[in-house]
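Here you go, one structure.
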Amino acid sequence: MKFWISCLVVALAAGGLAISGINEYFFFAAFVVLTYIVLATAWNILGGYAGYVNFGTSAFFGAGAYAAVVLFQALGAPLAVQIAAGALTGAALGFGVGVMTLRLRGIFFAIATVAVVFIMETLMINWRYVGGATGLQLQRPEVMAPFTTYARMLFVVMTLMAITAVGIARYIQTSWLGRGLRAVRDSEEAAEANGVPTLRLKLIACVVSGALMGAAGAPMPMYLSFIEPASTFSLNYAIGALAAPMIGGTIHWLGPVIGAIVLASLQQIVTVTISGEINVLVVGVLLVLFVILAPDGILGLFRKWLKSSSR
Amino acid sequence: MKQSRRNALKAGAALAASTALPRFAIAQGGTVKIGMSMPQTGSLGAGGQAALLALRMWVDEVNVRGGLLGKRVEFIVYDDQTNPANTPGIYTKLLDVDKVDLLIAPYGTVPTAPIMPLVKERRKLLMGNFSFQVNAKVQHDMWFNNSPWNDATSWSDGFFRAGTKAGAKTTAILAADNDFAQSLANGARTLAKKGGIKVVYDQNYPPATTDFSSLIRAIRAAKPEMVFVMSYPNDSVAIIRAVNEIGLGSQVQVFGGGMVGLQFTPIMSSLGGLLNGVLNYNSYVPGMKYPGIEDFLKRYAARAKDAKVDPLGFYLPPFNYAIGQMLEQAVNGTNSIEDAKLAAYLKKTELRTVVGPIKFGKDGEWASARVVQAQFRGIADKDVEQFRSPNKQVVIYPDAYKTGEAITPFEKARKAK
Amino acid sequence: MIFSFDLLFEAVLFGVLLGCFYAAVSIGLSVSFGLLDVPNVAHPAVMIVGSYFTYVLCSYGFDPIVAGVVLMPVFFVLGVLLYRFYYESFEKRGTEAGVRGLAFFFGIAFILEIALILGFGVDQRSVQAEYIGSSWELGEYRIPYRMLVAFGVALVLTASLTLYLSKTFTGRAIKAVAQDEPALRLMGANPVRIKQWAFGIATGVSALAGAMVIIIGPVEPAMDRIFIGRTFCVVVLAGLGSMTGTLGAGLILGISESIVLMFFGASWAPAVAFGLLLIVLGIRPQGLFGR
């Protein structure tokens, strides 16, 4: 109950900000942070709970973005429909990739997911309808009241999506699904020996994860008024989605949220004050530091600090 | 994305401090902020750096004259690295964080295309910078392009005419998969069909392609008599090298057409003799009579030496300087910096610039085109100064600027002096 | 699409040269991942760093191949240090660390890429040499010399490494560690030191591979990404632990890529390596020649 009340508070706060007089650029930057909250939470469902490291977040994200573009170009579909399409596409891709690769261990699964990214990118490069490598200019529709600009509306939409994603992750974590995935992560062979349907569990996690990533990708073309394959399928999304849970903590749903807020906010600040590519360096360095020094992430550090201070 | 704000402020401060220059009503309160991103690295980087220098020249000179509307001009520039993914963020930042008054587009079609919808939505005037047909779909009514071409005909006509004059009936089309090349290729295909020219090879390549030997081999196998290439600087260089490695075949009459980058001084001097025989577009070659251009080039060359940038300054700098001149005339003519008023002025006025009079027609492009097709002849390796001589690039189209006929076939032109 | 047997022959010829080059750039990974089980996703990034260092040396007048050879011992030391660090931080702590080890190398790859961008900018870099730019005219066919040079170096490199691993004492110790680490320990050899040495060799070889990359064409910092596909495709297709298999797998990839490039266009070529990788992982994950 406490959880849902906090979510309501967050949603109302977002709505309040969106109609306030705060600088426009805040919404432009906050959208990215919220996107990473969704991506990190989605990644953690398969990566943190089940232990299957997905390097291919960009493939699902990009698939969602392009699904949205297709619907927008063909039918002038509204944003809600675009997001639904993104989620469905992400889910379908998650199922396909899962069936093909979830039987592979560790690094083979990871490399297979990288392969999916490049194959998706190549497919989009060769599809003229969505612009090929050139890309497409997109004219946003008029924004509805009470929002004064499209960016503010996207901010609220993304906040709602983040809340939904976190809610789903929390449910999985505390349910039978979560227990099964933890068994897979701790020892897949033992789990199988005990009759846990590991492939089915992993597949469910992969589908849910993919759906959320696809949904996160859908608003991106409207956000930029432009889409092209190279940046949409950029591995930068993959490393961000992977780094955030590693930094925040992978065991609990709060980890990816904390990690994404810390990481993406830092990136936005760096982009505005220093330069664009240093922000990728920030991700890489933080990832390596946390992975070596604090494997349980910020949550882990917090727990240790709590334990030591209660003595 | 490099922040050149400090440089702009330094230039302004230095200018104010230099007592030797005559002072008019130098700004006491308030500035007019002009913002843009310029590809200073990446594929278009070599051209962008030269273009930027010309713009800075204009900013410094206009500030000496008292600025715009009595206020000092502050110039804010970022580096978009020729990456279209960077420009929406940069221009949003320029508008919302840096709060600029006036916008100039980045050099080139590829970085400019993504910001057209954004600029239209925000009702901002955008001064175009050597883009090709980037406003065709978006139809922004406050777009004014500084480049001497308008549609594909203005560009491809000269190239096809040179080929058909030599009896060519077939062509190959090799185009990068980016905004610029695709627009040009579409136009070229229509023209070829109208002119009864058969397209025997038609391929796109992704912008990241670095090895063209297989593509050149395939072109050679198709035996085309004209080879029309639409490429960006990195690919243009790689294609020229591949053509020298693999060869196109003796039946090719003309080769080139739409290769960006062969106008950049650093690329011209590094390719040297490999350029011989290539028939390619340009905006200005030595010998073309534009009023005021000689004086501009002299002033530019002096600054280029210090900045260690392209010393010749033929292709982009004069036209970038013209952007500044057009803005200045519009601001002075309307006595305001409001986008709508400036746009109305630019639409109906014939503007006087260092590249001649500019009158805008449909879609914010030039009413009459002035792009030339010129053939490289007798280029030697490792010599920058040779390009100052008019007979190194012989203009074969249009008639108003013609200085000679194209030498065909391509193999013969490569050896010509 | 124009098809002729002439074009097909040229595509296959080019593919053989390209394939050997791919084998050479993958052989380091064959050792570090195939034999030592280190999930070294940063291998292509290290190689591209090698390309840039080659570029720097060439600007002082070195020939690119000489530069590559000169860099090998430097990279050997770097490899030893990197493995040591990885071992202390991850391998020692057990299999849970496997996930973190992967993330670690992924992070290293990105850091290297950005370091290159900060140091050299995003522009393409290339080197000049006598043999770059001209080709060998063989009747109707023109074979670029830069491909022949890379092919030659690749053959020598692959052959030497294969011989080293099968004929020398240390080489066979490396193979032994890959097969049965506890047994090796019982025999009194220190497996960590052997693995360190092997990883050093794998990294040293990357330096020369990097020199070949910049001989064949211009490089830019983000190039490591597409090479992840190519190198892992070769290593997985060959089968973990098979050195000679690397050559065969490289040739398969090179020829496939060349044929797709020639007949289907440049826009499909980047997907060949990744597509082939997925197919192999799906159908026969142990590869063609693996153990």
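Per-chain residue numbering starts at 1, and chain names A, B and C are given in the order in which the chains are listed.
Here is the rule we go by: contacts are C-beta pairs under 8 Å (C-beta built on N, C-alpha and C of every residue); 3 or more make two chains touch, one makes a residue touch a chain.
The shown structure was predicted, so the numbers you read here are calculated from the model rather than taken from an experiment.
Asks: Looking at chain pairs A-C and A-B, which one is connected by more C-beta pairs in contact?
Replies: Higher C-beta contact count between the two pairs: A-C.
Asks: Could you work out which chain's C-alpha centre is the most distant one from the centre of chain C?
Replies: So the farthest one, by centre of C-alpha atoms, is B.
Asks: Need the CA-centroid distance for the pair chain A / chain B, whole Å please.
Replies: Roughly 40 Å separates the two chain centres.
Asks: Chain A to chain C: how many Å between their CA centres?
Replies: The mean C-alpha positions of chain A and chain C differ by 32 Å.
Asks: Could you list which residues of chain A touch at least two other chains?
Replies: Where chain A meets two or more other chains at a single residue, that happens at 125, 132-133, 277.
Asks: By residue number and range, which residues of chain B touch two or more other chains?
Replies: Touching at least two other chains: 81, 83, 177, 204, 206, 208.
Asks: Hey, what residues on chain C touch two or more of the other chains?
Replies: 267, 270
Asks: Of all residues in chain C, which touch chain A in the complex?
Replies: Per the touch definition, chain C meets chain A at residues 33, 39, 41, 89, 97-100, 102-104, 106-108, 110-111, 113-115, 117-118, 225-226, 228-229, 232, 236, 267-268, 270-271, 274-275, 277-278, 281-282, 285.
Asks: Can you list the chain B residues touching chain A in their complex?
Replies: It comes out as residues 1-3, 81, 83-86, 88-89, 92-93, 95-97, 113-118, 120-121, 137-138, 177-179, 182, 204, 206-208.
Asks: What part of chain A is in contact with chain B in the complex they form?
Replies: Touching chain B from chain A are residues 23-25, 28, 125, 132-135, 137-140, 150, 224-226, 228, 230-231, 234, 271-272, 274-277.
Asks: Flag every residue of chain B that touches chain C in the complex, lowest number first.
Replies: Touch residues, chain B against chain C: 41-42, 45, 81, 83, 177, 201, 203-206, 208-211, 213-215, 217-218, 221-222, 234, 238, 241, 244-247.
Asks: Using the touch definition from the top, list the residues of chain A that touch chain C in their complex.
Replies: Interface residues on the chain A side: 47, 51, 53, 55, 100-101, 104, 106-108, 110-112, 114-116, 118-119, 121-123, 125-126, 132-133, 235, 239, 242-243, 246, 277-278, 280-281, 283-285, 287-288, 291-292, 295.
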